[in-house]
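Note that chain A is present in both complexes that follow, paired respectively with chain B and with chain C.
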Partner chain A sequence: MSILYFFLYLLLVTVIGLLYMGVARKVTAHIQNRYGPPIYQPILDVLKLFGKRHTVTHGVMHSLGPVIAYTGIASTLLFLPLGNHTPLLHFKGDLFVVLYLLVVGPLGMALGAGESSNPNATIAMARALSLMLGYEIIFFMATLPVFYHYHTASIYKVIQAQGVFPHWGAIIFPISFLAALFALQGMMGEKPFEIAIAPHEIASGPMVEYGGKYLGLLQLWHAVGIIVETGLLVDIFFGPQNIIWFFIGTFIVFYVVILVNAVMPRFRIEQAVRFYWGIPLLLAILGILQVYIWR
Partner chain B sequence: MAMFLLLLIIGLTGLLAFILGPIKVLRNIISLIGAIGGLLYFVFKIRPGQAYALNIKIYNVHFGTGMSALSIFFGIILLGLFLIFLIASFHEDNDGAYYMFSFFSLLGALGVLFAKDLISFFFFFETMSLFSFLIVLKGNGETSHRSAFKYVMWSAFGAYAFLLGTFLKVNYTHSVMITDISYLGGNIKLWILILLLTPFMVKTALMPFHLWAPGAYTDSKDTYTVFLSGGLSKIGVFGYFIALFNVFSQIAVLYPWLLKVFAYIGAITASLAGIYAFMQDDAKKLLAYSSISQLGYVAVGFGVYSHFSVVAALFHALGHAVFESLLFLVVAGVYYRTKTHDLRKMGGLIKKMPLSFIGLLFGIIATSGIPPTIGFPSKWLLYEAIILKNDLFLVSLVFFASITAFLYSYKLIHSIFLGKLHKEHEHIKEAPFGYGFGIVVLLIPLFVLGTNPGIVVKPIDYIVRFYLKPDLAYNLTNMTTPLGHVNFPAIGITMTLLFTLSFIIYLIFGKSYRAAQEDNYTATEWIDKDFGLHYGGEFYGFMRKAFGKPLTWSFEKILNACLKVVSFLGEIARGFYMGDARVYLFYIILFFAIIVYIMGGKL
Partner chain C sequence: MKLFNFSQSRSLWMMHFCTGCGAMEMPPTMTSRFDMERFGIIPMATPRQSDLLLITGYLTIKTLKRVVRAYEQMPTPRYVLGFGSCTINGGMYWDSYNVIKKLELYIPVDIYINGCMPRPEAIIDAFLKLREMIAKGEANAWKKYIENYEWYKKNQSEVFDVEKWSIKNEK
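Let's look at the complex of A and B:
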């Protein structure tokens, strides 16, 4: 029974993630004065990709890369509470587990993309990892005050401790929340931090040699990744929500991200990293100082 | 007596290996028997609490040796790694002296673990430094002489500081034994502590004292680096423990700021060395900086000075011994086949050396601290310990350091094993048995201790519990701190199950066929087969722009500036002694003239 539950859980999040991707395409199209594909288009894309009979591979690691990437993000999902809902695998000390499991996905993708021996893919991975020096530290520093304030390292406990509307983390720690929003834009890899994908420059980066079922798995990875990354922000900064409000919350955050994405040009990699070490870092430090002064 | 017998076994094996030098097979068998015998003897015969006092009364000085649980912990790491190094080293072209030196450096390191007084501690520490210096000197690099010289100079700097500290301690406490000095009045105890800590900071390459490490690690023979980085640096960690707990047990009460400074130095070391690591183009230099970076975490653990931060530090020291040795071993195996350390000249070796690839893959996963490997429990404990000490900036700095680990890890694995296979490497085979053996052996603790950290946390906890108030609850697979709780195998099992699931998805849909490595997207550009498409050099070149000028700063430049000042002053001083008799005559006359002037003509 629990195995069935687990499959439904994974399926639900994957489908919702794919729908979010569809919404993103639609919204971007409307902003650019186009009509855009239907919202369910990414689902059709994934089905088509998995339906391909022959796929090119460059070796064992190249094939396993997307598999590891999906493994990593799906494991993260199981440790992340969806709102008020207890996560399927629940420890109290799971912030660091989630942060480290989040990296498994990019690492798997990096290994797979690396074996394709296409320089575009490797350049993209080098950029993606360098960008982590920017956003990952900002995101970590922005969430620290919340965890420190409630004296726990558990995401679930932080959700419970926040309480209803006026006692949300985002309202108690507005500066940190702002820094986390900056970090989220980079974490999702949307413009102006779309440096790793950069279709016009390095041919979709890591995906350049992937097709068929590999690309399908990577799409699923991206879909779950959207929910996990926005969900982490919602969990930490928006208090206890039931699962419907949780998805509405992630949708709102995602909507903000794609609105910024639609109107922004792309940074160069060193500009992006430097940007993160400027104002967002200052905001994150101010957030930490706030919690120190508060105590 | 058991300890002396062990040292005797190690020493005699070294001598025999030297005498039998030219007869290669016999020498290898003898040294193998000696190392295995030493390990077995250590595991089965030596117990904590065994002590022996050598009552040679020279000016009322007693010499003593003894075993503590901590010595056994580090002793097993040392002897195990030495065995792995030895088996791999048989593939290299070494002479008898090389084996003698390596056995003697092991002897010195074990002696340090046994010593209970500062004089024999110093003696064994110097034995270790001297013989490891001689091995670096025998290295294969062109710059090995310079690196060895640097290594021995820094070791000597540490050793003299230690000796000075010992004399000060003897002067004030009238005892050479390792005893508490925190009851001494005034600030002298602080100076003694800092002086005694210096050689260990040099040995673990903490930041202002790290300058010897990249050179020595790069230029020593590849297999010995496994022992030098994984094994001998642990003596520094052992020394931290001795200095901070046995010599100065009240440091948290008397000088909390010193601990804070120590922790921040460790965190800065971890971050900066991580940044330097991903800018290197030489595999061993990259790993050298990675090693420095990882030992920075250990210093942070000691600096935070709570029960489970010290547990984390010791666990991380063990983890460092496992994964850093694994990485160095793989790189050694790759060098054996390709004869290069240059990351720009390798690539695509995954198809030729699959076992080495697996070793390096899990090595970097552990280095980055990703569960379920040995790198994760210590990092998890360390983060929680720092948050409990209310230092959010320190934890951010440590987190930054751990991100740099992802960068240099990926650079290492990509440049060696992924990407395009070079034409001259098309007929390369897997690394020989000695390397493969070490890789397989090291992979076992990497996973077993990553999912069941309780095996090691239990003995470590017994050591630390004696000095600090315990606040960590644990069993074989779980750990609970006041902040949180983790079940380590659960993470591993989840990942395995989900991997199986993803793998099934991968298997059921469609077939895949293998494409040649040239057969890829090049934006309709026609690429010749010999065209170098491997993205190896300047891997993170754009980060040079992101960091800007600070990246070019280095401690070495500061030291070179000091050197310039000293030589300038020396030049001025030398100017007085020109070697010309007339000038000296002039000085003599001048001297008398001044005397006459001062005396005011009263002569």
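Let's look at the complex of A and C:
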């Protein structure tokens, strides 16, 4: 029964994630003074990609890469509560499991893209994994005060420990929340941290040799990734919400991310890492100092 | 199949590989004035990801090698749009020694736009016509390439060294 429940859950999150991608394209189009595609456009794209006939493969790992990426992000959903809704699994320290599972996606891509032996893919994976040095540290340091404050490392417990409106993590730890927003921009791979994809520069990076069904699976990975990454932020900083307010919260966070994405140019990789180790790191340290002094 | 045709017609990913002078007409078609993204048509970076190949203007023999190679890398329901008079009969390059005259001899073409150069309105019109053809299941030029593979290869080998430029086992 819970397996069926999980697949329904995955389907819901995938479809909503695809709609978010559609909204992102629409909003970007409006900013550029265009009309833009309908918001269900990514669903059509995925349906089309799964219908393509693709006879070429570059080896077993090349085909398995997108599967590993999608499986990694889908298994994150086991631990991610949608607001005050109980997740399928929760135990002490499941935050660390989630942080590890978030890395499975890029690693699956690295394995798959590596076997295609395309130089663009290799460059892109090197960039994606070095960018991780930037945002992972900031994200972990920004969430640390919240978990320290409530004496638990379980996402579910942290949500329950926060109260209604004025007792949100975002209100108590505004500096850490700001640092986490910086980290989120890099985690979602949006501009100015769109270094790994960079279509005009390295021909869409890790996806360069993927087409048809593999690319469709990568689109689904991206769609679920949007909900998981923004959802993690909403869970940790916005307390217990019902499922509708949870999606409204993720939408607002995502909206901020795409507005920044629409008006920003792209960093070079060393600029991006240097940026992360400057102001966002300082904010994250200030957040930790705040919880240290306050208690 | 019907669902695939519908979604394919609403989401055409165009290859970002433009030849000749017609490429100049693409930026206004993509950006705010004419905005082709509202029809689901966006440029993609590599042939593996794209469905639609635009031949925008004249093709020199040197470029034709690359075009054939890119065309063979695209996953199979794939469409070609011949753009401007040059792809139909050579246009103003009718007597040039290093420009091919009829594109149809080398790769199969679904739809042509005539004119030198077609305006963005004409391009959007062709996209909509192509979309209609795909939705009805009529845009089947890619099948011709598989059925008459030998014939296309023979024509290509008259202008360049096919052995060196085509990819094995990829029809």
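We adopt the following convention: the second predicted complex is superposed on the first by the 293 of 295 C-alpha atoms of A that agree within 3 Å, B and C clash if a C-alpha of one lies under 4 Å from a C-alpha of the other, contacts with A are read in each partner's own complex, and residues count from 1 in each chain.
We take it that a contact is a pair of C-beta atoms (placed from the backbone, for glycine too) under 8 Å apart; a residue touches a chain by one contact, two chains touch by 3 or more.
Keep in mind the model is a prediction, meaning the values are calculated, not measured.
Asks: Based on the shared chain A superposition, would you classify chain B and chain C as clashing or fitting together?
Replies: Once chain A is superposed (C-alpha atoms), there is room for both chain B and chain C without a clash.
Asks: Quick one: is A:Val224 in contact with chain B, with chain C, with both, or with neither? Answer first, second, both or neither.
Replies: In the superposition, A:Val224 touches no partner, neither chain B nor chain C.
Asks: For A:Leu80, is the partner it touches chain B (first), chain C (second), both, or none of the two (neither)?
Replies: A:Leu80 contacts neither chain B nor chain C.
Asks: On the A-aligned overlay, A:Pro199 touches which partner chain: chain B = first, chain C = second, or both, or neither?
Replies: second
Asks: Given the touch rule stated above, what does A:Gln41 touch, chain B (first), chain C (second), both, or neither?
Replies: second
Asks: Go through the superposed model and pick first if A:Glu270 touches only chain B, second if only chain C, both, or neither.
Replies: In the superposition, A:Glu270 touches chain B alone.
Asks: In the overlaid three-chain picture, which partner chain does A:Arg25 touch, first (chain B) or second (chain C), both, or neither?
Replies: After superposition on chain A, A:Arg25 lies in contact with chain C alone.
Asks: Return first, second, both or neither, reflecting whether A:Lys52 touches chain B, chain C, both chains, or no partner chain.
Replies: both
Asks: Of the partners chain B and chain C, which touch A:Val98 in the superposed model: first, second, both, neither?
Replies: neither
Asks: How wide is the angle at chain A between chain B and chain C, using CA centres, rounded to the nearest 10°?
Replies: 110
Asks: Residues of chain A touched by chain B versus by chain C: which partner has the larger set?
Replies: If we count touched residues of chain A for both partners, the winner is B.
Asks: Is A:Ala183 contacted by the first partner chain B, the second partner chain C, both or neither?
Replies: A:Ala183 sits against neither chain B nor chain C.
Asks: If you take every C-alpha pair with one atom in chain B and one in chain C, what is the shortest distance in Å after superposing?
Replies: It is 6 Å, taken between the nearest C-alpha atoms.
Asks: Mind sorting out which residues of chain A both chain B and chain C touch, each in its own complex?
Replies: 51-56, 203, 208-209, 212
Asks: List the residues on chain B that touch chain A in their complex, please.
Replies: Against chain A, the touching part of chain B is residues 347-348, 350-351, 357, 361, 365, 368-371, 376, 379-380, 383-384, 387, 390, 392-393, 395-396, 399-400, 403-404, 406-407, 410-411, 413-414, 418-421, 480-481, 483-487, 490-491, 494-495, 498-499, 501-503, 505-506, 509-515, 517, 519-523, 533-535, 539-540, 542-543, 545-546.
Asks: Could you list, by residue number, the parts of chain A that touch chain C in their complex?
Replies: 25, 29, 32-37, 41, 44-45, 47-48, 51-56, 199-200, 203-204, 207-212, 215
Asks: Given the complex with chain B, which residues does chain A contribute to the contact?
Replies: Residues 50-61, 63, 66-68, 70-72, 74-75, 78-79, 89, 91-97, 100-101, 103-104, 107, 110-111, 114-120, 122-123, 125-127, 129-130, 132-133, 136-137, 140-141, 144-145, 147-148, 151-154, 203, 208-209, 212-213, 216-217, 268-270, 273-274, 284-285, 288, 291-292 of chain A touch chain B in their complex.
Asks: What does chain C use to touch chain A in their complex?
Replies: 3-4, 6-8, 10-11, 13, 31-32, 35, 37-40, 44-51, 73-77, 169-170
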